[in-house]
Each structure stands twice: as structure tokens, then as C-alpha cells.
Amino acid sequence: MANWVSVTRTAHFNAAHRLHVAEWTSEKNREFFGLCNNPNYHGHNYELHVTVSGPLDSVSGYLLDMKTLKDWIEEDVERAFDHRNLNLDTEEFRNLNPTAENMAVVIWEKLKKRLQPDMKLKIKLFETPRNFVEFDGTQS
Amino acid sequence: MANWVSVTRTAHFNAAHRLHVAEWTSEKNREFFGLCNNPNYHGHNYELHVTVSGPLDSVSGYLLDMKTLKDWIEEDVERAFDHRNLNLDTEEFRNLNPTAENMAVVIWEKLKKRLQPDMKLKIKLFETPRNFVEFDGTQS
Amino acid sequence: MANWVSVTRTAHFNAAHRLHVAEWTSEKNREFFGLCNNPNYHGHNYELHVTVSGPLDSVSGYLLDMKTLKDWIEEDVERAFDHRNLNLDTEEFRNLNPTAENMAVVIWEKLKKRLQPDMKLKIKLFETPRNFVEFDGTQS
Amino acid sequence: MANWVSVTRTAHFNAAHRLHVAEWTSEKNREFFGLCNNPNYHGHNYELHVTVSGPLDSVSGYLLDMKTLKDWIEEDVERAFDHRNLNLDTEEFRNLNPTAENMAVVIWEKLKKRLQPDMKLKIKLFETPRNFVEFDGTQS
Amino acid sequence: MANWVSVTRTAHFNAAHRLHVAEWTSEKNREFFGLCNNPNYHGHNYELHVTVSGPLDSVSGYLLDMKTLKDWIEEDVERAFDHRNLNLDTEEFRNLNPTAENMAVVIWEKLKKRLQPDMKLKIKLFETPRNFVEFDGTQS
Amino acid sequence: MANWVSVTRTAHFNAAHRLHVAEWTSEKNREFFGLCNNPNYHGHNYELHVTVSGPLDSVSGYLLDMKTLKDWIEEDVERAFDHRNLNLDTEEFRNLNPTAENMAVVIWEKLKKRLQPDMKLKIKLFETPRNFVEFDGTQS
């Protein structure tokens, strides 16, 4: 029996992107994504909240070392996406539309591999200060 | 099988209100609601977070179009409540005490009708920067 | 010779108000102030920043005691305006249109009397998170 | 049947602390906790979000009186921890490592006793603007 | 004699850009601008604060109508830059390096023309939540 | 003739401190500084805004390289004060009362030496989210 706690570390990166579905016509893309389909790209400051949940270690008083979590985020997310063009400069979004929703799923999949199996992970990604998405691995 | 994601859109409105239960005496209202019972009203900037959850569309990479969600919030919430006196100017709170809790329930009921049945909705309403309420349709 | 420093204390109050110029017709008021002229009032959470500047005391390392400044703001601003209808419940705005601009001037005049003559005062008042006004006593 | 709502009140306190496990050697403490093990202490502004969930009272439109919740937080948390050295000045952390995780558990245990049995409690504690922990009483 | 007040309206836009000086070699650009020189662009959410100062009108209690100011910002800034690639899609930055500093100067020059001659203008532009620039027309 | 611009970089550190004037009796210190005089120390997350002003370079579009500014802040401020006890662990405050006002002056004096003589410097230091001080080198 242990106390189940969550710890959250925030991070920040900025990138250019263009929302575009390759299987659709230019017209449908323009209509569906509006200004976000601009062929010359636009960009965002992405604010990321990474939440890990699991059993609190009663000796150290830690769930996991936040500095380690910070390093994982730097390696898996910041080095991969910061100051990049998501569509052109990254493997992850070469064939995947870089919506905030897809970005949250991709970041979840990368960081989940870092965690011990009894830990849970939740990603919250702000695309602007007024819009954010969340993903915690749930399937429907 | 689809990834279950949440998207949140924030909005803002300001309004005057007075907390008052018609069935109670003036004295009981004053005692229970304190300054919030001021018969001449006081007011707030309400900050609203509308969160919709559902299966991510694997083609578009969207759960739903955020611009559509923004339009629904403008029509159902901002046009109805912004720059209003909630007690005097709105149908919703003519006979319902405009506490933040009741406001969250009313906003949830209005926006829920807009969504497809397999989507979930959660309302978070800040009455001040230091107080907020949440409602997601759960009954007890 | 002393280091000239500024200290700022923030405070918060909420109130109802209506923008209205008594000398104008109802029509002109409606046209000029729009929704802000609603005869039933609307309201805001006002966020206040009070900045005092003056010579740093080299012994205490203080410009002035922030707890004293906090008390002055509570007495002169919060007790007078919090949970009030500015037009109906306050002397200050019975005959003065309670725009954020006028509110900043009124708060400046009240708090200036508290300070020693060699100190300067600046008021910053947020009417919403997206709009604020400033006044420091300058005349043109 | 009642609407199940959550209300959150935020609070603030600041304190000094040192992360240290008495059973470990100085060396292991230094290695594990890094700068946070500084024997002369360091400190934080702690931002606290206290969330209570339960059935909405259909008459008053309240879950519980937020002023009462505010008073409980002042008595149980602010008076106990504000402007204190957590390791030296508090009973709670004399023999318990004052990590943010342990602090959230301690605050949850104190405030839970205040609530009616059908209400749920969740604590969110920011140690810095970039790190926070959460605890809602779940055991694993 | 009138009270001299300032009013500030905030706005938001997002864009892609690349920092690059045409007169310099690719090598010097890479060295000087680092990741910001990425030929495929990166991007930001720009947060803009537009501050206008001038004599308070003693009848209306306004310096100028904030809705008019909001419209000017929409026309001159948001329509021109929002969801654009600053280097490719705008006249202003075709031959001018789109640093935040240059952007603040360009926005100041556009909005200054809107104001009456006795009013002053100050631009504050956040490129990220941790970096911002200011320009008020001062020449050295 | 050049455009005179300001650039601001924000930073963060946390520290323990105790307000205490060695020349005063314990009693006077307790009375004057209240809880801030706690002999066991308390602490804060300090949020720092460093603003440099000067002539905009018309070729690069920069005032100065923000990465260089960030490095100076890390060396002069973060390495010196982060996770420290200001009274015990730092040369700067061994004999100087570590009020926020004195801290702003000390940080200004350290960073001013880094800048070219025609540049101006302003320090803004938040001790809590509700209190901050400013210093720009002005003497009275």
C-alpha cells in the first residue's frame, strides 16, 4: 500500500508547422484547416505539461527524480522539436499531420517508454495560451 | 480503436450578479452569502475553459474543429451572459441563484447538446483568479 | 545620495458598474459605451498594482513596510469598492463615470495622501486580463 | 440525485526547507537530492490549489461555503507553514522529508478531516511555477 | 490641464519566421542566429501590448475608445501577421530581418499613424513567455 | 540616429533568507520584520526580469544577443543565489540585509558591468507573485 501521487514538469519549445492532409485536395485542405493550412507555414510557442503518476516512495519522499524527468523531456521533445519546422525537419511528422492532438499522442508514446510499467503518463500541450489538448494513453 | 483525446478552448465574459435565494428571508440571505448578497449587485470577469473529449480522427488529426467549438461558446455563453446582469437580464438565472456552481451546470447543459453523443464535456469556470468550479455531468 | 527604488503590491477587488454620462442622452450613452452602458450593470474582477518609488533606506533595506502599504490598500480601496456597485454604493462614483481611467485617478488621489512627500506613486488597474490603465499623477 | 461539482480555492505560503533522509549518509543525500540538500536550506513560494468535490445543494447553489474553506486552509496550512523552516519549525516535517509530494499528502490528511464524509478532496501544490504535485487520497 | 493616463490593450497572433541577414554569408548567419536561422523556419505565439498615453477626457472618462484601438490592432497587426510566414508572406519583412526588435518598431510605425498627435504610443511584444521587447519611438 | 529599444529576459531562482539588521536588537528586528525575521529562515521563488535598453543595430536587428544575456544572468545571479541561503551562503548578503530591494540593487550592480556604456539596465524582482521591486540605477 502506497500513496498514489502525480508530479508534473513543464517545458517549452517553439516550432513552425502547417496543417495538411496529403490524401486530400488543396481545396479541401484550405477549407478544413483555414489559415492553419498556409503553405508557407506559421508557428507557435508550445507549452508542455508532462504528468507522471505512481506510488510514492516512502523512504525518499519522491515518485521519481524531477531532474531525470526534465532530462527525458529535453532529449525526447525539446531536441527533436524546438526551433524546427515540424513538417520538414522531423521524422515524426513527415507523414503525420502536426495537429496539437497528434503531437500530444507522439510525445506520450516517446516518454511512456522511459517510465516504469506501474507508472501512468499524461500529456497536456498548449498550442496557444487559449487552446490546449490532453492525452493519457486511453483508447476507445 | 482510437486514441481518446481532450481539447480545451478558453473564453472570457464579464457580468454582474447577486447571490440570493428567493425562498429565504433577507436576513438569512445576508448571513449566508455575505457581501455577495449586495442588493445593488457586484460583478466578475469569468474565465471559462470548455473541454471536449472523444476519439481522435486518424485522418484529419482533429477531435473536432476548434473554430466550431469557439463559435458554439460565443453563441451559447458569450452572447447570453457577457456584459449582462445575470439575475435581471438572463432567462437562465431569473429563478436560479447565479452561483459559479450553478453557472457551470447551466453552461454544461447548453454546450452538451452541441456535441456528438460519444463525446464528453467538462466545464471549468473561474469566478476570480483564486476560485474556480468544475462540472462534467456526473450525478451522485 | 540614495538608491531610488520602486516597490509594488498587488491587490484584487470585484465590483459592478455601468458606464454612463449624466449630461448625455440615453441614445448617446448607448452609442458611445455600447454594452458597458447596460442599465442593469455588469461587472469585473479588478486587479490592482500599486507602485511606490522613493529613496531606499540603507539601514533597514526597505523603502517602506509592504504590510503597511497592504493595509492602506485594504482601507482605501478594498473596503470602499470590493463587492460594491460603483455607481450606487460609493461616494466617489456617484457623480463620476466609473471608467477604469477615472478609477485609477481616484485610487491614486486616495493613496497619495498616505505617502511621504518625497515618494512617487503609480497606479495600474486591470479591468480585464486584456485591458489595463495607468496613472502616476502627471498633468498635461 | 444531485449534480456532482468541484470547487477549488487557491492559497499561497512561502517556506524554507532542506531535502534530507536521516537514514542515508551525507554523501547519498547530496548525490540524490543535489542542491536541494543544501544544509543551510533554500526556499520556495508554494502555490496551493485545494479542490473539494461533492453533491451540489440545489437550494443554495453551493457545494460548501468558500469562505469556510478559505478559513480551514488558513488554519491548517498557512498558519502552520507560512514563513517557516519546514524541517525545524514544524511538527509535521521534523521526521518526514519535506518533498512537495510529502507536503501534498500531509495537507490532504489535515484538510480531509474537515470535510463531510461524502466529499472528495484533491491537493495540487506548486513548488515552483514549473513543477507541481497532486494527491487525492488514492492508495495503490 | 488634464490627467495624463495610459491605456493598454493586449492582442495575440502567431507566425513563422527565420532570422537572416541577406548581406551576410550563410555561415555568419548560422553562427550569429543559431537555431533561429533554420532555413525551414520556426515560429512563435506573439503576445502584444499596445499602450496609448494622453490627456483624459473629463466628460467621457475615456482617453480613447478601447474598441477602436482593438479594431486598429486587428487591421494593422493581426490581419497582416497572424498565421503568416513573416519572411515570405508580408511586405514589411521581405527585406527586413523579422527580429522581435524590428517587429516592435514596425508595429509602432503602423499604429502611430492612427493616433492624434498629442498621444504617445508604446509597443511591448513577447516573442516567448520569457522574452519580450519594447519600443516607444525614442531615437538616440 | 537609431531606434532606442528595450529587451527583457526573465529568469528564476529560489533561496532561503532571513531579514535581519545586525545593528538592531532582536526585539526591534522581530517587531520591524515580523515573520520575515524567523531565525530559522523562510524562502521564496524569485522571478527576475532583466531589461537592457540601447540603440537597435540596423544590420542585425538585435540590440544584443539574448543568449549572451541569458548566460550573464546564469553566471552572475543563478549560480550565485539559486538554492542558497542568502544570509549564510553568499558573500553579497553576509553583511547586507537580503530584502528584495537590496537584492535588486546587488543584481543591477553585477549585470551593469557586463553592458556597453551606452546601454541602460533595469532590474525587476518578484519576491512573491504579489510583490515586486524595481531598480534602474537612479540615485536621489
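Chains here go by letter, A, B, C, D, E and F, matching the order in which they are written, and residues are numbered from 1 within each.
The definition used in the following text is that a contact is a pair of C-beta atoms (placed from the backbone, for glycine too) under 8 Å apart; a residue touches a chain by one contact, two chains touch by 3 or more.
Please read these numbers as outputs of a predicted model, since none were measured by experiment.
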Labels of chains that are neighbours to chain C and to chain D: B, F
From the options B-D, D-F or A-E, the pair that copies C-E, where over half of the contact pairs coincide: B-D
Angle of the C-alpha superposing rotation, chain D to chain F, to the nearest 5 degrees: 180
Chain separated most widely from chain C, comparing mean CA positions: A
Relative to chain B, chain with the most remote C-alpha centre: F
Geometric centre distance via CA averages, chain F-chain E, whole Å: 28
Distance between the centres, which are taken as Cα means, of chain C and chain A, whole angstrom: 42
Contacts with two or more other chains, residues of chain C listed in rising order: 129-130
Touching pairs - complete list by chain label: A-B, A-D, A-E, B-C, B-D, C-E, C-F, D-F, E-F
Chain F-facing residues of chain C, complex: 1-10, 51, 54-56, 59-63, 65-67, 118
Complex contact set, residues of chain D against chain A: 19, 21, 23, 32, 34, 96-102, 104-105, 129-135, 138-140
Of all residues in chain D, those that touch chain F in their complex: 12, 14-17, 35-36, 38, 40-45, 47, 82-85, 88-89, 128-130
